[in-house]
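Here come two complexes built around chain A, the first alongside chain B, the second alongside chain C.
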Partner chain A sequence: MSTTQPTTAVGKAALFTENRVGASRLVKEFGRKIFPHHWSFMLGEVALYSFVILVLTGTFLTFWFKPAMGHTIYEGPFVPLQGVEMSEAYASTLAISFEIRGGLFIRQMHHWAALLFMAALSIHAMRIFFTGAFRRPREVNWLVGIVLIVLGMGAGFTGYSLPDDLLSGNGLRIIDGILKAIPLVGTYISFFVFGGEFPGVDIVSRLYSLHIMVVPALLIAVIAVHLIFVVYHKHTQWPGAGHTEKNVVGEPVLPTFAAKAGGFFFMIFGLLALLSGFFTTNPVWNYGPYDPSPVSAGTQPDWYIGWMDGFLRIIPGWTEFYIFGYPISFNIFSSVLVAGLLFGGLAIWPFVEAWLTKDYREHHILDRPRNNPTRTAVGAAGVVWYLNMWAAASGDLMAVFFHMSLNDMIYIFRVLFFLGPVIAYIVTKRVCLALQRKDREIILHGRESGQIIRLPHGEFQERHKPLNEDRLWSLASFESPQYIPAEPGPDGKISKIEKRRAKLARFFYEDRVAPVTKSELEAAHHDHGEVEQSRKDELTGSQQ
Partner chain B sequence: MTSKQHTAEHGTQLEQVNGFTNPGLPEHTPRLTDISPAAERTTERQIAGWFILSMIGTIWFIVSYFLFAPDETMASIQLQNMMFGLGATLALFGIGVGLVLWGKTLVSGTEVAEDRHPIEGNEEDQAVALEILNQAKDESGIARRPLLRNTLIAAVAIAPLPAILVFRDLGPLPGDKMFTTLWGPGVRLCQDPGGVPREDRFIRAEDVTIGSAVHVIPEGMHESEHPLDEKAKAAVLLMRIDPKELNTDPAKEDWGVDGIVAYSKICTHVGCPVALYEHQTHHLLCPCHQSTFDVTNHCEVIFGPAKRPLPQLPIAVDSEGYLVAQRDFPEPVGPTFWEINTRETSEQ
Partner chain C sequence: MKLLAERRRHPMALVVLLLLGLLLTGGAYAVFTGNSSASAQEYTASDVEEGEKLFVTNCATCHGMSAEGTENGPSLVGVGAAAVDFQVGTGRMPLQMSGPQAQVKEPQFNEEETSQLAAYVASLGPGPAVPEDEYLDTSQGDAAAGGGLFRTNCAMCHNVVGSGGALTRGKYAPNLSEVSEKHLYEAMQTGPQNMPIFNDANLTPEQKRDVITYVREISETPSPGGAKLGSLGPVAEGLFVWFFGLAAVIGMTVWLSARPK
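Right, the complex of A and B next:
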């Protein structure tokens, strides 16, 4: 309770709030909470802000969108479609685009925000992975993040199917095909999802309640959990002078972080406004209403579904086989298995890595990607695997663009599906090790000074200067994971699983560049000092 | 110096890694706006400028609502959309850039260190929590009364079962719907009119020239209860190819008419319309996943993810010279499904 009575209006309002909700504790707790600043920490913010914009613009759209598949004949202002039979959903999407003032703008902003949301989520997840931010105590939040990506894909898919246009209708047709391919119950699931035969008259209203209620409610809940974890764990930070495992260095929420983050929200909002004003996305009026017979060439889904569609393109038909006449359509439902593989792999990696390296400690200082070559290489392999499938979803367009045979294009994707990740793993690991060697070089011999000296026997050399202690700390203060051979358990025996762990760990962690130690550096300086001294003797007076 | 002392007060612990000692937070280097009042004033004016730009953007949005009121042409709608975009971009970006500039240049830029707390509770917390849980266990008797516990678990476990019944009406059972289409003996082939409902236009065999392809629907489809559901199964692609180029299976000799052949347009992979016909090679290509079917060999799959050939619709010419179906498709159309081989499709 304050000792003096407030006199200003703000003061009175503050006291009113304080006496009813105890806001001072909140401000005390969070007002000076520290957020480290680095561009890579803003990716999650981009996702969060796009989500806020999605909710705002989406609510606007619900005021006019009619989630119904009753048939109507279009009589609106868009001439090319006048007199065409279509569903109410499609007609109302056209009305939002052409008759509601600002409707086109908001519709485009909703779609652009969805594309940005998924892009930000994906890149944010990559940042977490490559810096090892998923390590204890953040493994659970990493899992929560994966759930967010899956929910985001769900929100995107249920959303872009709503206008009932030709493109999204073909997308639903593919979903129908995948459902029907599920062994034993597929046909029934398809009939239950679509309310009978495809396309039926129910799917749009069903997707609508998922899209505007169930999925966003889940998203909001899971985002809340994600953020509570971020606050509770406090943010990770990059290695740097003064940064330790026991502190977090950065800017306080009030006022610095609030000003920057608030401004950043408006910048994202502005960016989406720019895109929506000047660049068309999803022009459903060009596609026409859904009709099961036509389809346009070059058809592809929104980018974040592309990798699964791409996989459907590269899997060969012989993977469908029959057991006693019953089909196992691996060429169809394996796209779901591939998704399971990706998200499952992401989910178990933190635990696999901890198990392999026997590192179960807390980590709040991030790894520079090069300082954990194995993890970075595994991540790069995953990214290449994903991107190859993703590119395959545009294989037909690429074939046209590069004047290549469509079939060759798909053969290339098939080969890269297996080979790409392996190459990416090997190359990335070697690049990381090389970069670590470069860091060693810089630490041991100092930075380039730009001063060229000439030795008496004619050799030119560049003089190197030692790093200052802050930079030295940022470069040298890391732990390098190493291969731990199989160790006996409490019973004095080496268990089978421990042997297996050691074998895997050896494959993954045997190649390593040891970090520079202080004594190594001193030894190097010592040698270097002697050389410098002798050079000085030789070059008396020639030094600048 | 001072900032290092400040840091120490905030509890930053020096650490050693690889023998190196953490040098502690570097001293804050003042920004231009921290030391030069002139620069501070300039920055202040710049930030205010961004906020004013934002206001201009908002006003522009409002003005363009009236100034660029669209008539019913696409160009006018597009123009207004662009002007809205311009106004909103300025309005939002102005606020954003102004705030970020403010945060970066005028608000204190000193980095602050905050201590982390242990994630887990301390021993006392853990002891108290354990005690509470034990107390709850004792007071409820959940451990002592296995009968109550087990019956409760069973009751909760089966309580959702009725939901399965309630959701049963999400859709009808498939029945024979996967095995039948609108095609049948004597059903005439009609040109697909696209989205505009029109009188059925039947097709005369002699009108189909060699090399042409026609998108076909069954007669009377628009009068059926769910035309789109029917079309999703019954869509057909009709082509006429020089009979010499066709390798016709002797058993299906009479399924075409002088090189006119009709195949289901629904891909056997995941159901996209196989809409691209290559005249030179007589290949049908699915634009969704690039399954390729060879029309000269009864639409066998020659490339891509599909497994089964496109079903052929046996056709004939009726007494008036129009193309008609001899019967329904001899096998199910569209994507593979579990029961696909469980019954013959109807002969009628």
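Right, the complex of A and C next:
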């Protein structure tokens, strides 16, 4: 018998669980996980919490939504639709909005949460990319994250298509078009998906199964994998004093981080509740029931699908051609290829970067974006490419607001589709290199104090003050990738692939600002004595 | 009656009588003029004459001395009073400058002058008249029927709730929320700028009234879901979630990860 038998109820319960499931090992493992401090490390959490809210509000909506396309006549309280023929799906969405207590609030919360979920996923992915957190050993988790974005888009699309209103029906018509544009089998696939000629009477119930079961189940599973990897790999951290590749500096999950994260969940919940209470989203009652003939001006998908819609708006019509009298609608089908290009590009980048720089080592210390100018520039090019397509989706609204010709807008978007990323690459790379030079300057000569002193012989100088240890570390401690010329393989010959790699690497990595070395730092302190001098000045200044 | 008889010589009786007389004539005038403005048939010869003078001074440069049209402006023979009332009454005409489309501005002529111009143009040839009040009364219209017509005929340019939208080469379909019932009707009737004509065979006057009722209903009823964000659909919502929602979230993360100094 142990000497410490629990006497309290909590203690007994703890012992009960400990003896049966070994909870203390879990608490020890997970509770001691360290999370470093930084605002940008909490963006993934936002996506997670939005997802939890999506599941909660979505469950509520399933209690009243009727995923059926049978015809009914609306007799609810919304006057502009009274007596209008519509599907049961649309009628039940209107009922949720106007007749179920709290229904509209929950519906809007579900929609705002979806918009925030995707926004949080995107910005989290950008954080990972621009800090190089996808490098070994986290490449696989980067791929898992990309799968999450694709699943999120799928969840969003299957969800906002459910109410069977005019807007979402127009969106489904585009999906129908994309399916039909698949060479050879397109028409068959479209008929298979819609259960006959578009729109048919099956699509809402089919999307419903996907939206409430298949996609969320996959999302939960993939999120679980994503989080397990986060725990397994440990968290990355910014460079700083005492931060190494072998430790993580921060707070343990229990108790501090867990308390913060729990509070953060309720803050996100509160924010979404505020948005839903005060701002209309997806006012389905405005759009009317779906009818294949009308299309409203300003018909756009939700923002995370917008970039694909934008691409469809700017691709020239002549990209449709005929083979033996059969049309190949490349102008429509290419939107799928563009999606493939984006997600494929994101997926292979970690491997491309490792191959180009021959850096296959593990990295747990993040790069400040400026310290890897090439990656940051490539990322900025991708962001601009995406943003341009995104903007193109709202080209008609922009044309009205800025009093521009819609045709001119489309020409501008077409040019920027190719030119935008190139400009973004060049500008970003130069800005990063300039920032690095500035950092170098600060590290070697201290920061500018804004105090001008006049020397006895009349010269004016700005006094530079030394950096504190923390700041010095976070500025000076980084690795700068450099161009490695082609090297012979084990057989002593330089392979063709290696030559190609060297050529690309030279283009991407030739321009660099080398990190300050220890000897340079010491030399700067002793030889020039500027920092030392200003330290003395400070001392004498404080004595006066 | 006894009360009245007793006071008929009261010093104020004259004043009361005068007031009554004024009220009666004024009321009758208001009723009379109200009728005349609602129906195009009652323009007087002097209206036409005055209208012609206004036309020659303000419109003839582009439309020609007798509204026969020039290189710069179409013939106005047969466009009717409704077209004039719409174009001049919304400030689109006289044109401020040439461009893809005439812009709405503060009307240059008052109601009387507008009606005189309309009288002149209507005298040139038969055309649609200014609508009768009966067809502008939204209390008699059916918003739901109008909504169906609106989605089929109007929404592709004006957006489902009449928020407006882009057309080709800088032209656009304007926002309808601030447009008066009369101007909505006249626009359908006469097809200004790039708008197609919805004549009475196409949309009956009652159907036009339904459309007007729908536009009024949808633009004047506050959104049940809260602020409308311009009724511009997912683009406005997406921008809002990025620039407000995500900005608030980032504010929270910065606050939560701040370390005590």
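Here is the rule we go by: the second predicted complex is superposed on the first by the 524 of 544 C-alpha atoms of A that agree within 3 Å, B and C clash if a C-alpha of one lies under 4 Å from a C-alpha of the other, contacts with A are read in each partner's own complex, and residues count from 1 in each chain.
Convention: a residue touches a chain if its C-beta (ideal position, glycine included) is under 8 Å from a C-beta of that chain, and two chains touch if they have at least 3 such contacts.
Note that this is a predicted model, so its numbers are computed, not measured.
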{"item": "Partner chain in contact with A:Leu116 - chain B first, chain C second, else both or neither", "value": "second"}
{"item": "Partner chain(s) touched by A:Pro327 [first = chain B, second = chain C, both, neither]", "value": "first"}
{"item": "Contacts of A:Val46 with chain B and chain C, given as first, second, both or neither", "value": "second"}
{"item": "Touched partner set for A:His403, first chain B, second chain C, both or neither", "value": "second"}
{"item": "First (chain B), second (chain C), both or neither touched by A:Ala23", "value": "neither"}
{"item": "First (chain B), second (chain C), both or neither touched by A:Leu167", "value": "second"}
{"item": "Chain B versus chain C as contact partner of A:Ser519, first or second or both or neither", "value": "first"}
{"item": "Touched partner set for A:Ala354, first chain B, second chain C, both or neither", "value": "neither"}
{"item": "Touched partner set for A:Val431, first chain B, second chain C, both or neither", "value": "neither"}
{"item": "Of chain C and chain B, partner touching more chain A residues", "value": "B"}
{"item": "Overlap of chain C and chain B interfaces on chain A (superposed complexes)", "value": "81, 83-84, 97-98, 104, 108, 260, 263-264, 267-268, 271, 276-278, 288, 291, 293-299, 395-396, 406-407"}
{"item": "Sites on chain A touched by chain C in the complex", "value": "37-43, 46, 79-84, 97-98, 104, 108, 111-112, 115-116, 119-120, 123, 166-167, 260, 263-264, 267-268, 271, 275-283, 285-288, 291, 293-304, 306, 393-397, 399-400, 403-408"}
{"item": "Chain A-touching residues of chain B, taken from the complex the two chains share", "value": "7, 10-15, 17-20, 22-26, 65, 69-70, 72, 74, 77, 80-86, 88-104, 107-109, 111-116, 119, 167, 170-174, 177-178, 192, 194-197, 215, 217, 226, 228-229, 231-233, 235, 265-266, 269-273, 275-276, 285, 287-292, 301, 303-308, 334-342"}
{"item": "Residue ranges of chain C in contact with chain A within the complex", "value": "100, 143-148, 151-152, 155-161, 163-170, 172-173, 214, 217-218, 223-229, 231-235, 237-242, 244-246, 248-250, 252-254, 256-257, 259"}
